[in-house]
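Paired with chain B in one complex and with chain C in the other, chain A is shared by the two complexes that follow.
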Partner chain A sequence: MKETRLKILQYITGIGLFFFAGTHLIVSHLSSGEPASWESVSDRAASAGWLTLYLLLLTFGLYHGLHGLRTIILEFSFPNYAVRVLDWALVVIGIAIFGYAAYIPISAF
Partner chain B sequence: MQELTFKVQRYTPGQDKEPYLQEFTIPFTEGMTVLDGLIYIKEKVDNTLSFRSSCRMGICGSCGVLVNNFPMLACHTPVEELKTDRIEVKSLPNFPIIRDLVASLDLLFEKHKSIKPYIISSDIREAEEPTAEYVQSREELESYVQFAYCVKCGLCMAACPTVATDALFLGPQPLGQVYRYCTDRRDMGAKERFHEADSPHGVWLCHLAGACSEACPKGVDPALAIQLLKRAMVFDSMRLAKKRQPVTLAHLPVESKPKIEVPEFTVK
Partner chain C sequence: METEVASSEKPHLPNRLGVKGWVWAGRYTLERYLYTLHRLTGLGLLLYVALHLGANGFRLGGEESWTSAIDFLTNPFGRVVEYLVMAAFAFHALNGGRLILQHLGYTLGKPKPPIYPYVDSMRRRRPLTWVMLAVIVALAIYILVEFVT
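Then we have the complex of A and B:
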């Protein structure tokens, strides 16, 4: 049930993104005060809760985006061996982006 | 409407570079179908025209063609319903053309065969040498009977935009039949069929355009079957599916009622 499991993860990450990205947007753009000031950003960067939220947002966003990209690419009638190559390419791209993007909040913590 | 103009696709592989349309003007008769028009052309105008037909009553599914850019059974389409006297008839898209209006449905049958379209019983001996009948409630029958009306005409495959872009996509007909057999309580082959439908060219490639259900002349609604199949596969993958009990057998009574006497033949 490989494709089904990938699809279930797509749904779960979609729901997760709604909450995590929602929290991020509310705090960064809609809340009162100065959420974008140096002190506020510094406080959030030092918080374990915010670090967890941003890492989860990154993971969910990456999976959701890359799986969506895979679905679009698969429309072009690839044979099964090409699908495997595509899968591994997306895994490598995902890990590389995660490593680079996670380095910033982790190093700032 | 006194006369009809039929623009019919002609193509002979090896002779023609690509399909072209030939125009025929034929008389209109009340109640005539598109197939009646094609038969008239073949019998009275041009006997080289090739098309496929058999039962002429929407049962065999042989005469699937593209009528005014919509896949239809030629025998099931009254000319009056088209509301025009210009009728364009082409072979079914998404299938290679054998000649004129005859499309090769090999791809459909290969895909259909791949999903094992038959009851896979847990008791092989009972399946091969039945000793009793399977008990099936009305609700159990109604859960799949709509999808069992499929006549394998290929109209849904011709209408499907995903089949048009991905020739490897299983397509609405086989996927609908995966659901039909997996819902049948007599069947124990869901795992095997789910495996086939779970490929990168399987059930998740369906965009739910709904063109298959619109085209189906038997009201099968393959799009509904595919959506229900997706749900069944998600439940199965998350181990939330209800465990199905093997179907019960009803042994025939030892003593049967006396047979009704058949009247003798009047002609001997």
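Then we have the complex of A and C:
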């Protein structure tokens, strides 16, 4: 994929994260009560809306974070073969983390 | 001798300053330091997300496993980390919004003839930067008050 398209995706996921991560942070860290208690976590896990939010947050967050990391690493000028290795490594790491992290809310749903 | 460098589209000069260039390479403007802070908060948030996803795994162990993990993480140090994450998110999100607006050209304003004293594009965008910083500081204080109370 062209660098321009990757960058546009970075912008789109960034805007999405503003809402998804913002909602998650407000509910989990700023709301009253005990949002991290087993009961609260179980209640959210049973909701299709929260499951959707978590999966979107995970997808957008992984792309945004790993692409941001790639941007920083590539500033240090590597040979083209190293860039390809890095790209594939990040794709594999992203898929592996997504599989692990998505399994947790899906199994609890 | 021409060397093969990292870019899928075209070669560029090697980055001789490395990470040092994030901090100093002459007289940097305010925006350049915001760029450095954007990267640092991004890397910090990425590290936090990795640890957060790892901690989520305790949910698979059932109620006892989850509760003991939450009890372990609920301490003053954990609260400080939580606050720093919230503040880093506020900065990264708002500064990211500013960068998107700038990259897409929305903050350039109307073209002006080059009449002395010249105003470069960075200074024309400066008010937006100050407004953004004011909102970030206000949010950081609000979150701190919420955490303390």
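Keep this in mind: the second predicted complex is superposed on the first by the 108 of 109 C-alpha atoms of A that agree within 3 Å, B and C clash if a C-alpha of one lies under 4 Å from a C-alpha of the other, contacts with A are read in each partner's own complex, and residues count from 1 in each chain.
Basically, a residue touches a chain if its C-beta (ideal position, glycine included) is under 8 Å from a C-beta of that chain, and two chains touch if they have at least 3 such contacts.
This structure is a prediction, so every number in the text was calculated from the model and none was measured.
Shared-chain residue A:W88: touches no atom of chain B or chain C.
Measured by the number of chain A residues touched, the leading partner among chain B and chain C is C. Contacts of A:F109 after superposition on the shared chain: neither chain B nor chain C is touched. Of the two partner chains, chain C is the only one touched by A:A101; chain B is not.
In the superposed model, A:E3 makes contact with both chain B and chain C. Contact with chain C, but none with chain B, is seen for A:L30 once the two complexes are overlaid on the shared chain.
Of the two partner chains placed by superposition, chain B and chain C are both touched by A:F76. Residues 2-3, 74-80, 83 of chain A lie at the contact with chain B in one complex and at the contact with chain C in the other.
Of all the residues in chain A, the ones that touch chain B in their complex are 1-5, 7-8, 71, 74-80, 83. Of all the residues in chain B, the ones that touch chain A in their complex are 162, 165-169, 194-195, 198-205, 233-234, 236-238.
Chain C makes touch with chain A in their complex at residues 3-9, 12-15, 18, 39, 42-43, 45-46, 49-50, 53, 56-57, 59-60, 63, 66-67, 70, 74, 82, 85-86, 89, 93, 96-97, 100, 103, 143, 146.
Across the interface of their complex, chain C is touched by residues 2-3, 11, 14-15, 17-18, 21-22, 25, 29-30, 36-38, 41, 61, 65, 68-69, 72, 74-80, 82-83, 97, 100-101, 104, 107-108 of chain A.
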